[in-house]
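The structure that follows is given in the form of structure tokens.
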Amino acid sequence: MIVMEHVTKSYAKDKPPALKDVNVDIEAGEFVFCVGHSGSGKSTLIKLLTREILPTDGTIVVAGQDLSQMKNWKVPYLRRNIGCVFQDFKLLPNKTTYENVAFALEVIGRSRHVIRTQVPEVLRLVGLEDKGPSYPDELSGGEQQRVSIARAFVNRPPLLLADEPTGNLDPNTSLGIMSLLSRINKTGTTVLMATHDREMVDSMRRRVIALENGKVIRDQDRGVYGYGD
Amino acid sequence: MIVMEHVTKSYAKDKPPALKDVNVDIEAGEFVFCVGHSGSGKSTLIKLLTREILPTDGTIVVAGQDLSQMKNWKVPYLRRNIGCVFQDFKLLPNKTTYENVAFALEVIGRSRHVIRTQVPEVLRLVGLEDKGPSYPDELSGGEQQRVSIARAFVNRPPLLLADEPTGNLDPNTSLGIMSLLSRINKTGTTVLMATHDREMVDSMRRRVIALENGKVIRDQDRGVYGYGD
Amino acid sequence: MAISPGYFLKEAGVSFRRNWVMSLGAIITIFFSLLLVGTFVITGILIQEILASVEEKVMIQVFLKDGYAPEDLDPLQTSLVEDARINSVEYVSKEQALERFKEQTADSPEIVDQLPNNPLPASLEVELVDPEDVEAVVVDIKAHPNFVNLIANPEDPEKDLKYGAEIIDKLFQLTNVVRVVVIVLVAMLVFVSMIFISNTIRLAIYARRKEIAIMRLVGASNWFIRMPFLLEGVMQGLIGAALAIGVVVVMRQWLVPWLSDTLPFLPVTLSAGATAQLGLILAAFGVAIGLIGSIFALRRYLRV
Amino acid sequence: MAISPGYFLKEAGVSFRRNWVMSLGAIITIFFSLLLVGTFVITGILIQEILASVEEKVMIQVFLKDGYAPEDLDPLQTSLVEDARINSVEYVSKEQALERFKEQTADSPEIVDQLPNNPLPASLEVELVDPEDVEAVVVDIKAHPNFVNLIANPEDPEKDLKYGAEIIDKLFQLTNVVRVVVIVLVAMLVFVSMIFISNTIRLAIYARRKEIAIMRLVGASNWFIRMPFLLEGVMQGLIGAALAIGVVVVMRQWLVPWLSDTLPFLPVTLSAGATAQLGLILAAFGVAIGLIGSIFALRRYLRV
């Protein structure tokens, strides 16, 4: 599903690169944690996969397509196959919760009928069934994060990227979201999740890719959070 | 320092209130955690203290001033005595890290000399000494959070409010921030911090105020995170 | 990809309502620009008409010698009447000429009374369709075989053939200057409108740049992102044009009558046809400005 | 609270550079608005001058009877010369009058040759400072004790006292209409400029509303937030005015000579003094528009 070969990303010439010679190979159907200190390059890795940014060096292949070679006009179609939970949510401020989630379906041309059935269902799954008519700035931080999650998988994409999707959630709600992600993963969706939640990583025992200063320092099946112990 | 009496806050008439009959009394120099599920009202409580919003009912006194009676033009002066770390950071997007932190000093009319010495110092404290010239969208999530923290206490306010200041930080950096907040508290600053970080709360053993559905369900000295156990 | 076309209309409408501050700004901008264009076009039309009415009065006078042979005059008069460039040919007898002279010198009528006999010649007054043809017609008249027989001074025909060449030249110069000035002003205003509108839509895009970035990240195609902006621009253009047309119609009802009352000696009229044409022009302008403004702003700020 | 005044200048400058897209938009807007205002003021001045030169030609003629007593004339002439409303008084003898008549009727000079004697009266030509005084001066002349002794028809003085009342009236009507039209157009343009600028600054505030909200949360006072916007508005106004003044100066160098070449029979001049005054007016306008636009936008969108 995802193949990264010798990927390096420098944001500026005079600064050390955010990612250095990263090699990662993720099969379809896997569930992978990406851990690392603040600023170690987790978000950069995820942005590379959605082609929000291009690598300085190396090749990235997602769902069989080489992202560096990809034509600009094809990018939207790539993104429709990737659900993405952003670290800063990226909700449209002048759309309600319902409209934000429905938007991901409108964009790919789903019929109104499909939208009317799927959106309420996914809102129920993340526990926001009664926040449909609220605008983002009327939601708590954790609620906004859940809207972002709902939008990411409302169209059942084959690949789900989640950048600290539980950062603003209390442990209980986090657990709910994690079990949801597990269930999604069991239906065949590949999941890559950047996180700081040590408890979560340690209890789930899934594959863990650890970054430090932009380098992969550990890639371990059934791993733990590590660091600082 | 903070006295809340029978405080109720409803955002809309047809919805249940975000805070219901809250009574809280925090002395100068205390260190208080505020915990609760996503959407339980933690951020609402903090916004009430900075007078970002007004209560529907009840009285709030901060540093001896009744917020409901306060004149609009006096609000800026109140806020200069409150450092606030916002859940969504609220950094000025067209100012660099350095300028964002310096801004809190410029606003209260500090001299350029003071700015030039205090800003680098506080950036060093949060571990961002080399990110001074970066704009917010060139920073990782955790780095942005730390800029927000640096801005909140660069002018050494007597009261520090922090809304999930470690939500986007890895455990190591979180620990650093927590020990920083402890140190600040030891110099006499009152600290009120909303958080989800169970480990942190449990290990610090400070006063804990627990919210659920807008009600205070527990107010305990040397408490633990609780819930879900 | 069966995207319902209704989506874009809905989207444009919703954004219109939610960002009404900016929409209103754009509409006001377009409205005023078109209003100014309309005012200038009307002023231009009025000036044209006034000038035309002055130009009409330009004519060629052929003075006939006393006792000319009427059989010499007839062929000339006939050939002039048949000339397509000529509007009318009028014969003025000696008596009529004296009558006119009396009227002109009404200040001192005693002069005419003191005249022993009528010294004024009879004449032909030739009115042209287009005053610009005057020189050509004059040449043709001189070339007519009967011309020399009709006039008093065959050796110096200029004396008996008057067409106020200088006045006509001055008048043409003035007309042309006025035309150039009006055209330059209208062009300037259209240019200003374009800049204003493209600027407004650019600012609208600027204010929504985060939204646009998010749309892209969620997989919206370029046209999906552009469509609502285009529709919004066109809608704003149409509304602005509608307002401008309304004001123009009101102006026609009230201002034009007032003007022709105040300036009874100048022909100030604006036909219903011209008004309708102007309305169509303004509507087309509004749509074009909205569309071009949007496209321009989109090209610069939505490069993908 | 010793806030260094430099902070605001720095802040305005920085925001100016960082938001240059919008700053440029505002500057272009102000520039064009002021340019149009300038063009209209210049056009207004030119029209004023042309009309003034036409008005100057308005005069009162007093026709004297043949064989009047010079000692009757002198006191009238003296009193007229001393009148502050009167510009000049010229005596035209019978011979001069005939000379003029010959020139006027150059078309048919034979008429004058046929006259047995000079039928034209001598006259006084009175030129006024302000043509609007004409009626009052006429009344005064009629009231002069020597007046009846000087004229041919004491029983009907109107016959011997000519001042083209109708032409003057028409001219006044035209002048007034032109004045009203110019004033209305300039007022409209100033209004449009204000709307445009306030709109631009409103959009700038709108685009920065999050920033402003954050400033408030950090404890910035209202004036602290407003100052940079005000300075920015004033800076934009000044730059726009500078550009407009530059174009006006260029126009004066090139357009005015071209116009007076093209229309030699009309007095087209624009003095250096008038240009300097216009420059000052435009600069003041620019600052005022920037300031008022900012304040208006701030009041509506920074209510605190």
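Order of writing sets the labels: A, B, C and D. Residues in every chain begin at 1.
Rule of thumb we're sticking to: a residue touches a chain if its C-beta (ideal position, glycine included) is under 8 Å from a C-beta of that chain, and two chains touch if they have at least 3 such contacts.
A quick note: this is a predicted structure, and the numbers were derived from the prediction, not measured.
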- Task: Please find the path from subunit A to subunit D through touching chains that uses the fewest steps, and give that number.
- Result: 2
- Tell me, please, which chain's centre (mean of its C-alpha atoms) is farthest from the centre of subunit B? C
- Task: Would you mind pulling out the distance in Å between where the CA atoms of subunit A average out and where those of subunit C do?
- Result: 64
- Task: Measure off the straight-line distance from the CA centroid of subunit B to the CA centroid of subunit C, and report it in whole Å.
- Result: 69
- Query: Using the average of all C-alpha atoms in each chain as its centre, how far is it in Å between subunit A and subunit B?
  - Reply: 28
- Task: Quick one: report the Å distance separating subunit C from subunit D, using the average Cα coordinate of each chain.
- Result: 25
- Could you say which residues in subunit D touch two or more other chains, in rising order? none
- Note on the structure: Where subunit B touches two or more other chains at once, the residues are none
- Task: Sort out for me which residues of subunit A touch subunit B in the complex.
- Result: 11, 35-39, 42-43, 87-88, 138, 140-143, 145-146, 163-164, 167-175, 196, 198-199, 225, 227-228
- Item | Partner subunit D, residues of subunit B touching it in the complex | 50, 52, 72-73, 75-80, 82, 84, 86, 90-94, 103-104, 106-109, 111-112, 151
- Item | Of subunit C, residues touching subunit A in the complex | 1-4, 7, 15, 18-19, 210-211, 213-222, 224, 304
